[in-house]
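Note that subunit A is present in both complexes that follow, paired respectively with subunit B and with subunit C.
Up next, the complex of A and B:
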């Protein structure tokens, strides 16, 4: 940007000045809509969360029971919070390497035409609605995924995370994590490829002329240069994975007990999915309040992740300019 | 003299500095790559057809290691020691690309194949009154859901586009003191999960009795999700408007509002439309907010204030896990209709932004 200073109004007419000031004020007011909405979400959902916290104390975050009509009622979202994080971790482990390799292929290996085609492909993948991904996962992905999981269990079952005693391979955190990974790949890939494309050609030329192989060039030039942007992109994807509701709804069996690490055992948790699955069958207004409180904590979690992501991206951008 | 000048080859800077130095590869590279892939692939193929080993096992335990070794050998022959790591990198890069392409291809192929089973004129134009999950496919359709989607998205566009553009205008034209904060809050808002947007509308408007679960409530939730996309894209395109246009208009004595409405926004017209379309594409498939704020309805609803309303995503959601095959086929049909809408939006934004960048 050449001129960052406010454009000065050179008009002398008083009437025009007044109209202009009104215009400025309206625009300024409208620009703060996002702040108002964010504050509104915090205040309104927070207000609903207060009675719930008063009722249950901090055990709302550590209880694994869901009994809102019992006397006394006892409920908590520990299993859901942990489940959300577990799903996000599984999704990250799958999506990050795939996305980075895909971005490297698009930027450094593929011919220009293939690379353009892949950019469109990744963007189209990002545009597919989550309900359709859920539908596809339910009917197309889950049947073979059950077979993969039983193979994993058969050959690697001695590793605790691949243990499965029930013999039931549906509704596992692993499948839900794979679905989330599919939704993360386009986000992380497009951010990563943007960042890698911005590697200064001088640096790459210098590395090539020093006789670096492609791997060495990536390892010591391109990836360190784009590290901040890539981390930011991964965290944006993470925010999306934490907040994803519908696609997970179809492939995960919600159980309130914490499933610590048996990722191919049926049953897991997700705060966002809990809200939708319980909302249709609530037993009274109080349970709605409890779900709103759960939504409040989901909002806080994603807000923190997303703000961190943006700070990282912005800091690296500033360092470079 | 002039003829001599025109005959001399024009030397541009881009010709002197190779733009993609890494992309120049000798034929031997592609030959080695071809050979290095064909050998392990045919070996795994033979095993697949002659033995009973499960396909995923074969892929990961037999094919992948073989492919790595053979690519490593090819890399060593072509480039020496450095070629080995490079070949591994290329194997994983191509593998990831194929994996992503297969996932997307499988999605599109199933949506088209299963969706066409449901598709017929009555499916597009009729609503679902008197239709139970077991009713044959010849009766009933998603007409009401299509109307619902257009109604909700239309209202959401009317709400969010002016606000989004205003916030972009604030950042690029007014340039007040709060610019970094406005940008920060727009960024933060883009991370709001869709289910939270639905919960927000539920607490503020529905539980308080201000409005019923209706198209308007759903549209407000959609607008919350659209706003950051519209604002960020609009900001980017307004930045591309040359500074000269602004200073020129101001020098002629225009007021600031005139500069915005008569110069900047018209100059960025296609970009602003792109921003709107991207916003629509962002929300058109969102399900979770509608489950909380619009519920569902088998009738065609055109009044946005009064009644619950179905949209395509909620229609799909209701029919996915039904034990009746016809209901599931309906879900696929609705998914096809939704996907066509998404594809049209996607193509339009591509065409518009392509034209945008050609102008420069």
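Up next, the complex of A and C:
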């Protein structure tokens, strides 16, 4: 019997040279930084939220009172949490179709030069500071928007969402939603057009050879192919909509009661805007903690939205592969 | 006496089958020249494609075979800057006439591409039926259509139990047969194939070739191939394309495949089919 061939020592190959090791440590460190920051924020907000929840109980999340001088003071942010979601939904309904149409136009229809111009324009739009958008909306958008809303109410008032009893069309969730949509559109458009641009030419070829029209090619080939990426883009935009503070501050009248669906009725809620509008007038540390607790739940909400988005994206990607 | 006549007819038919006597013409290219922008890539191509035969387009890379193929179902015009002179006749009519709807042409003249390209977001069944959706054709007997086309494409036995699986689950060769089934589902009279086996292993290639032979009993097939043996195995007719450096491609020689490979008239053809260049 032949002697067994001795095992060779392969550990040497794992020993990267020193520069490589240093480099990989720097990279690992950078990767952990984001984790540490995220954990830091969560712990800080969580620590502030715990005493508030202990003091206020679950009613902090389920009621709409905001009584800072009562004994004891009572706080409830249900209207704000719901308001944030309502604004995001309004913004989504407006921004998603507009963004997808715009992206389709840029990728499949517009001549190259127009398409490049639009791409730059959209990127520029994404860079406008939200305070500028808020100011612009306050001075330029809101006055005519009152007219639009009054027209909507006049002709479509029988649909509950377009009801308005007060005759006051300022500070409505609709306006705030429009402003958020304006802020979402560049993000969603940019991501969507990137995704659509990646539609494999061989799939487009296949569709063309099967006698597709522009519409059927989009409907059955390009959009399904880009679905995961588009959802990701929408979620990015949604993150902005949920967390947007200052632009909403200019156009939404914050009321604590829940405005369930009267989107063109004055008054709505937004957690982020609540925080910024109440922060300057707090009396005492506990009230600050209340706002931070509200921030904690806003943070939680965006986290859940992001996780859901990831789940959706991963599911559609898995179907594809 | 009568028996002799019948026997003679049978003999004629036999000769027609074996010798591929002149058949009815399904498609023909008359004086086709093609440009991309200012660059001329094809010069004055004249080829007839007889009904229910297989014609192989051979020649070295870059000689315009694939471009020519794409002019035959009006896919060429979708490339920006593409231009064309001459005419392409399908059943006697110019497919580039102003009042002809390119969608009708692309449905009558299907195409299979080099790389298998099933739609990844669709199931196997969905892929077969995708042409109906994309073109807006209405058919009721979906199940039958799926079965028939998959049988024709030689894939039915392998997939009949998992029609609702994603198309991506199939191997490369199966995917290529799936896209053949997809092309057949809109009932084309002509099938254009652009190097359909170049991304496949030999066993899959053989299967596709069998499929091509089977299909040619019912439809006309025009296939671009770099594989000379494949041209010999599957085609009735062959056209040899060539392009000198920076010159547009042209047809050197065309005719029965047996002639092109067995007894070419042009020395360049002789060199090419014997693998001396290209």
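For this structure, a couple of remarks:
Basically, the second predicted complex is superposed on the first by the 275 of 321 C-alpha atoms of A that agree within 3 Å, B and C clash if a C-alpha of one lies under 4 Å from a C-alpha of the other, contacts with A are read in each partner's own complex, and residues count from 1 in each chain.
The rule we apply is simple: a residue touches a chain if its C-beta (ideal position, glycine included) is under 8 Å from a C-beta of that chain, and two chains touch if they have at least 3 such contacts.
Note that this is a predicted model, so its numbers are computed, not measured.
Legend: residue contacts after superposition of the two complexes on their common chain; A:188 is shown touching neither subunit B nor subunit C.
Judged by the touch definition given at the top, the superposed model places A:248 against neither subunit B nor subunit C. Touch criterion met: A:225 reaches subunit C, while subunit B stays clear of it. In the superposition on chain A, contact of A:77 is made with neither subunit B nor subunit C. Contacts of A:217 after superposition: both subunit B and subunit C are touched. In the superposed model, A:206 makes contact with subunit C only, not with subunit B. Measured by the number of subunit A residues touched, the leading partner among subunit B and subunit C is B. When both complexes are overlaid on chain A, the residue A:45 reaches subunit B alone and has no touch with subunit C. When the two complexes are overlaid on their common chain A, residue A:37 makes contact with subunit B while staying clear of subunit C. In the superposition on chain A, the residues of subunit A contacting both subunit B and subunit C are 205, 208, 213, 216-217. Residues of subunit B that touch subunit A in their complex: 17-23, 54, 56-57, 79, 82-83, 85-86, 88-90, 92-97, 99-101, 103-104, 106-107, 110-111, 162-163, 166-167, 169-171, 173-176, 178, 181-182, 184-196, 199-200, 202-204, 207, 224, 227-228, 231, 239, 243, 246-247, 250-251, 253-257, 259-260, 281, 284-288, 291-292, 313, 316-317, 320-321, 328, 331-332, 335, 338-339, 342-343, 345-346, 350.
By the touch rule above, subunit A contacts subunit B in their complex via residues 1-11, 16-17, 19-20, 23-24, 26-28, 30-35, 37-38, 40-41, 44-45, 48, 97-99, 101-102, 104-106, 108-112, 118, 120-125, 127-136, 138-140, 144, 147-148, 151, 155, 182, 185, 189, 201, 204-205, 208, 213-218, 236, 239, 242-246, 250, 272, 275-276, 279-280, 288, 291-292, 295, 298-299, 302-303, 305-307, 309-310. Listing the residues of subunit C that touch subunit A in their complex gives 73, 75, 78, 103-104, 106-107, 110-111, 113, 115, 117-122, 130-131, 133-137, 166, 168, 179, 182-183, 186. Contact residues on subunit A toward subunit C in their complex (touch as defined above): 200, 202-203, 205-213, 216-217, 220-221, 224-225, 227, 319-321.
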